[in-house]
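These are the structures, in structure tokens.
Both complexes below contain chain A, partnered by chain B and then by chain C.
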Partner chain A sequence: MSRQRKRITTGSAARYAALVLMFILLAGPLLWQLSLSLKGQGDDLYAQPPQLVPSHPTLSNFTGVLDRVPVLRFVLNSAVVALLVVGGNVLFATSAGFALARLRFRFRGVATAIFVAALLVPAEAVIIAQFLLIRSAGLTDSLLGVALPAFVAPLNVLLMRNAFAGIPDELEEAAVLDGAGIWQRFLRICVPQVKGVMAVVAIFAFVAAWNDFLWPLIVLSDEQNYTLTVGLNMLKGTFYDDPRLIAAGTIVALVPIIVFFAALQRFFMRGLEQGGIKG
Partner chain B sequence: MTSTITAPERDTRRADRTRPARPVHWAQGRWYVPWLFLGVALVVVCTFALFPFFNTLLLSFTDATLLRGGQFIGVDNFGELLGDSRFQTALLNSTLYVICVVPVMVILPLILATLVAGNGRLLGFFRTSYYLPVIMSPVIVGLVWTNLLNRRGLVNAVLEWVSAVSGPVPFLTDRWLLLFSAMFVTIWMGMGYYMVIYLAALASIDPSLYDSAAVDGAGTVRKFLHVTMPGVRNTMGLIGLFSSIAAFRVFGEVYMLTDGTGGTGGENLTMTMLIQREGTGLQARTGYAGAISLVMFVIMAIFLLLQLVAQNRQRKNG
Partner chain C sequence: MSRTFRWTTAGVAASAALSLTLTGCGVGGGGSDDSGAADTGGKVAGKITFQTWNLKGGYKQYFEGLVDAFEKKHPGTTVKWVDQPAEGYQDKLSADAAAGNLPDVVDMGPEAARTLADAGTLLNVAEDDPEAEKDYLPAAWKAMTFKDVKGGTYGYPWYLNTGPSFFNTALFKKCGLDPKNLPKTYDELFDQAAVMSKNCGSKGISMIGRLPTIETFGMYGAKLMNKDGTKFTFNDAKGVELVERYQKLYKGSGFTEESLNALQTGEADSFKSGELGWLPGSSYTLSDLKKTAPKVAESVAMGPLIANTAPNMYLESLVVNAKSKNTATAKAFAKFVTDPANQMAFAKKASVFPSSTGSLEDPYFTKDDATDEGHLRVEAAHQVGTSVVWWPPAFSGTSDVDNLREQIAKALLGKTTAQQALDDAVKYANDRLAKQ
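Moving on, here comes the complex of A and B:
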């Protein structure tokens, strides 16, 4: 590590400078939004130069938003949808990926092609036909109806397939010699090797479910069932005249996700490191 | 069953090992076992992706609306598309989106991933914060950036404060500026997503390759070009494909920045926005929307083919 001390120092200085610059670019807008949400009526929103620290800080914007929009209810609804989608993808994308990568059977190519083809289907293009399906199943205006089409995403199946394909054959062959059946090889040998990718799939599924906007907008009609994205879209119409209230609404919506992700990220990033199968 | 015949060795490294006679797949139980693993995924994907898609394809040859089934009209919808100026605009906007966004999405997240890879609390903090925009819903991102980019928003305020511009820059109203603003927001939102995929790929690069490159006197840039990039070449191809498809499908960013209007006179419509416009609402022409979807599908299939060809060529050369 200390071959050329000087070069390493300038190198890591440049590295951290780039990291900090990127951080400002990505976190700055959120910080500004936070500041805006805390500004009182006495603050000049358009002061020159722009003021990051409010001169009349207040929490009244938050109480104002919570009084008028049931943001916490929306968060709960989004959480239910996300839980269903994450569970479905972790269980069934993993098992499907295992079959595609490590089992040999007739029509395996066809099965793989089905997932690749499904990956290419533009979600927005089939949304009307999907809605007709959900309607005929009697699931409109329900959170299950929102979750069902995303229950197993083809992308996650293919990610799991690639992960399983990377496991060396010797590992499984040794287990076969020890008399392990197919289920043991799946659960005991292969799944532990791809935990990192499973964590990645879980996060991706969560993000997709949490962020989806167009589909819940179409399926849900009762405000009680709104997910967060659909509910927040109302903010723009309701408080168009006061950016402070919009900012407070976005901050209220952001806090649960940030807490959730901060709690999960250790597992996620550690999983990424453990999941790498070294050559 | 024969079970103890020694299989031919593949290479000398394994010469000392006796391999099982049967390939692994012989020990997988009855014929239906693979389908137990695949069942739920196949049913969901077929029901909610492929079946609606074929339904849409059939619709594209009819004059169906949301309320009635429609008659078969051959390729009339496609003929109408050719002369539809909104379609030309949407195709241009979505194509420009791919051309501008994809190169950034392939390279920038890889650089970010190499910067944040490693141990240490500080790096962990940066990894997490770079991922944050990804977990934000497009609606929130839209609200934040509409506020930042409007005439009296922070970006214009800063630009005027440092006297870089004389009047407010019309980020959200000018035809081209709005498109580039939306691209910027797309990159801002999406970078962390691809960074994480790259992190997983970086973890599988043999660390000794970096050590031997260092012994050869390679600096940061040469290590990046000669160890990192070849090591994640397949992932780069995959991300090129994913981000092209995502960019071509762009919806939320343009929708939020234009308040759902698609810009003055629809000059900022994208392909997906056009489908959403034609295919929803009481006046919906599901047949015409289906025809646009089919065109989109063909273009995205071309992206996939290009990627496969590129991958094959790389394999032959490498």
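Moving on, here comes the complex of A and C:
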């Protein structure tokens, strides 16, 4: 009895040690940013050993961010882009995934292969060509121009394809016998089965759109249209930086992501369980 | 990533050249921006766009005032001012150049300017206005004149920066050195570095925190390029001597392994954490120290930049788009921004130095007002007068810089000799230049 208890404690101790280690690795930098954003002018940022608790705590860095950068305007722009991208991905990746998984048509294999191949092309390699395309469409310096290339991400299409492929054929066959058309089978039978994965796609699309920097930087030139990532870059000093201000900006940019994730967390966890191979 | 010297981000070189070739096969039907032929003799009127690089955050009022003053001086003109964020400036420039989207007047360093000039995107401002040369300091004008790009001058020099050596005197005391006898020459620097590491090396303290860069070679006395500016030559006797000094220092563990890979920001961070005795700084290093590392700032002392030849300085310029539809207005505006009065006003606001002739004789730069900042300003301004922009514009801020650092690190680790390391670095840079 006692031997068993001991084994359990060592086991769980190791487990907790691993968890704590992961926590430090993942949450440490974030915690450091948070502490940096709260440090006042009297704090020595380079003190040895590093101080986590500010000795001159202040919120002035956050007001500094709001003074220097029209955060609300940029959040709004980012939200518009994120909404477009999330909408586009949920709508079109779902449709395309359904088509690739459950419809029979010629070149289906080729079409799937093209999506896989698209995964392998680094965005930086085609960014100039993409910019010329957006420019000839007259969409430079517009939020639509920022959102358009990310409208349907190949990864999301493949995620949806796998999710649809996992639905047992019998389910759809039964619907066919009941006289359901293709749209009814898509909307009524298959989509409800993959809601979790759709939430995952929504989150992926949101985070990618929210965090993208290089593409919006290239497309946008008017400050009015800046997204948050590009706009927050204005916090960098011209000749030297105030790390406190930048840290405060990072925290501000993080809040919407946390809110979005918290709202979708229920679906997200379910989606993760559903992802991959399923009966 | 802090960007203490603005040129580092000017690493447009390879990427811009690559993307410019793309214009030929780009998507058809381009916009109207690239259709206008240059009408150099035209009237100063119409609309132009002026792009600065990350100057809005600190100097918004100054630039708005500047634009207003110009529009008042030349009725019928409109200047649209845009400011680009700090990160990714080179990517933005190359994308814009490739798409024919470059603004009329653009703020950039000599290296970026040379790449774009080589691709035919920039106006040779000396061609029909040779008189302009006398309005700028010779060293600054020379830095914008590219011998290997038809010998033209592809931009008006704007502001300059240089700075003194900063020393952490607390470390000098702690490690058996006399803070009253700060190093002034390379001999003294390397001698004292050896003493410092002998006494304090075990505590992770050293004098020098970064491998020599291309500017260091210039200041040490190596000849960086041949006369025509077509080939690099810094693998000469002086260059080898410099690397051998670092080798010797490394053997006596006066140079940490970590420093082998340090960039300028890493060097500054080590200095701020009190692990470094010497930091070649700039005119804004002092305010940076006071703001982020007050403890080190208390014990900091300044001395002249250490150089055998001439001290180094960095330059920002204003270039004019060769395809601008209002070339006359663009040129007039670029000259207006870089004229003595406006440069002076900007220098006072931003603690940089004007490149316009005569501006450095202003009492602001010659009279020490007995503050730390005033002392620094006067010293550095005095230094500008003798400084050279050592950075060769043909030296790529990305690949050549990295390669040079890696080669020198190899030499320090004993994997190759100093001569071989520099030969390889020179060959690499020359090969890349020949391919452009």
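Here is the rule we use: the second predicted complex is superposed on the first by the 254 of 279 C-alpha atoms of A that agree within 3 Å, B and C clash if a C-alpha of one lies under 4 Å from a C-alpha of the other, contacts with A are read in each partner's own complex, and residues count from 1 in each chain.
The rule is short, and it goes like this: a contact is a pair of C-beta atoms (placed from the backbone, for glycine too) under 8 Å apart; a residue touches a chain by one contact, two chains touch by 3 or more.
Note that the coordinates shown come from a computational prediction; the quantities given were computed from them, not determined experimentally.
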Once the two structures are overlaid on chain A, check if chain B and chain C clash or fit side by side. clash
Counting only touches as set out at the top, which of chain B and chain C does A:Asp169 meet: first, second, both, neither? first
Mind working out whether A:Phe213 is in touch with chain B, chain C, both or neither, as first, second, both or neither? both
Once the structures are superposed on A, label A:Gln48 by its partner contacts, choosing first (chain B), second (chain C), both or neither. both
Look at the residues of chain A and decide whether chain B or chain C touches more of them. B
Regarding the shared-chain residue A:Gly145, is it in contact with chain B (first), chain C (second), both, or neither? neither
Looking at A:Phe115 after the superposition, I want to know if it touches chain B, chain C, both of them or none. Which is it: first, second, both, neither? first
In the superposed arrangement, which partner chain does A:Ile128 touch: chain B (first), chain C (second), both, or neither? both
Looking at A:Lys236, would you say it contacts chain B, chain C, both, or neither? Reply first, second, both or neither. both
Quick one: which of 3-11, 237-245 or 273-281 on chain B sits on top of chain C after the fit? 273-281
Interface residues of chain A shared between complexes with chain B and chain C: 45-46, 48, 127-129, 132-133, 213-214, 218, 233, 235-236, 243
Residues of chain B touching chain A in the complex: 14, 17, 19-20, 22-25, 27-29, 31, 33-35, 37-38, 40-42, 44-53, 55-56, 59, 66, 112, 115-116, 124, 126-140, 143-148, 152, 154, 157-158, 160-161, 188, 191-193, 196-197, 199-200, 202-204, 206, 214, 220, 242, 245, 249, 251-252, 259, 272, 275-276, 279-280, 284, 286, 289-290, 292-293, 296-297, 300-301, 304
Chain A-facing residues of chain C, complex: 2-4, 6, 19, 22, 26-31, 54-59, 82-88, 91-92, 94-95, 98-99, 101, 161, 269, 272-274, 282, 284-285, 287-288, 291-296, 350-352
Complex contacts: residues of chain A adjacent to chain C: 41-42, 44-48, 68, 127-129, 131-133, 135-136, 138, 140, 213-214, 217-218, 221-223, 230-231, 233-243
Residue ranges of chain A touching chain B (in the complex, touch as defined): 3, 11, 15, 18-19, 22-23, 25-27, 29-30, 32-33, 36, 45-46, 48-50, 88, 91-93, 95-96, 98-100, 102-106, 108, 111, 114-118, 120-130, 132-133, 148-149, 151-152, 154-155, 157, 166, 169-170, 172-173, 176-177, 181-182, 186, 196-197, 200, 203-204, 206-207, 210-211, 213-214, 218, 228-229, 232-233, 235-236, 243, 246-247, 249-250, 253-254, 257-258, 261-262, 265-266, 269, 272-273, 275-279
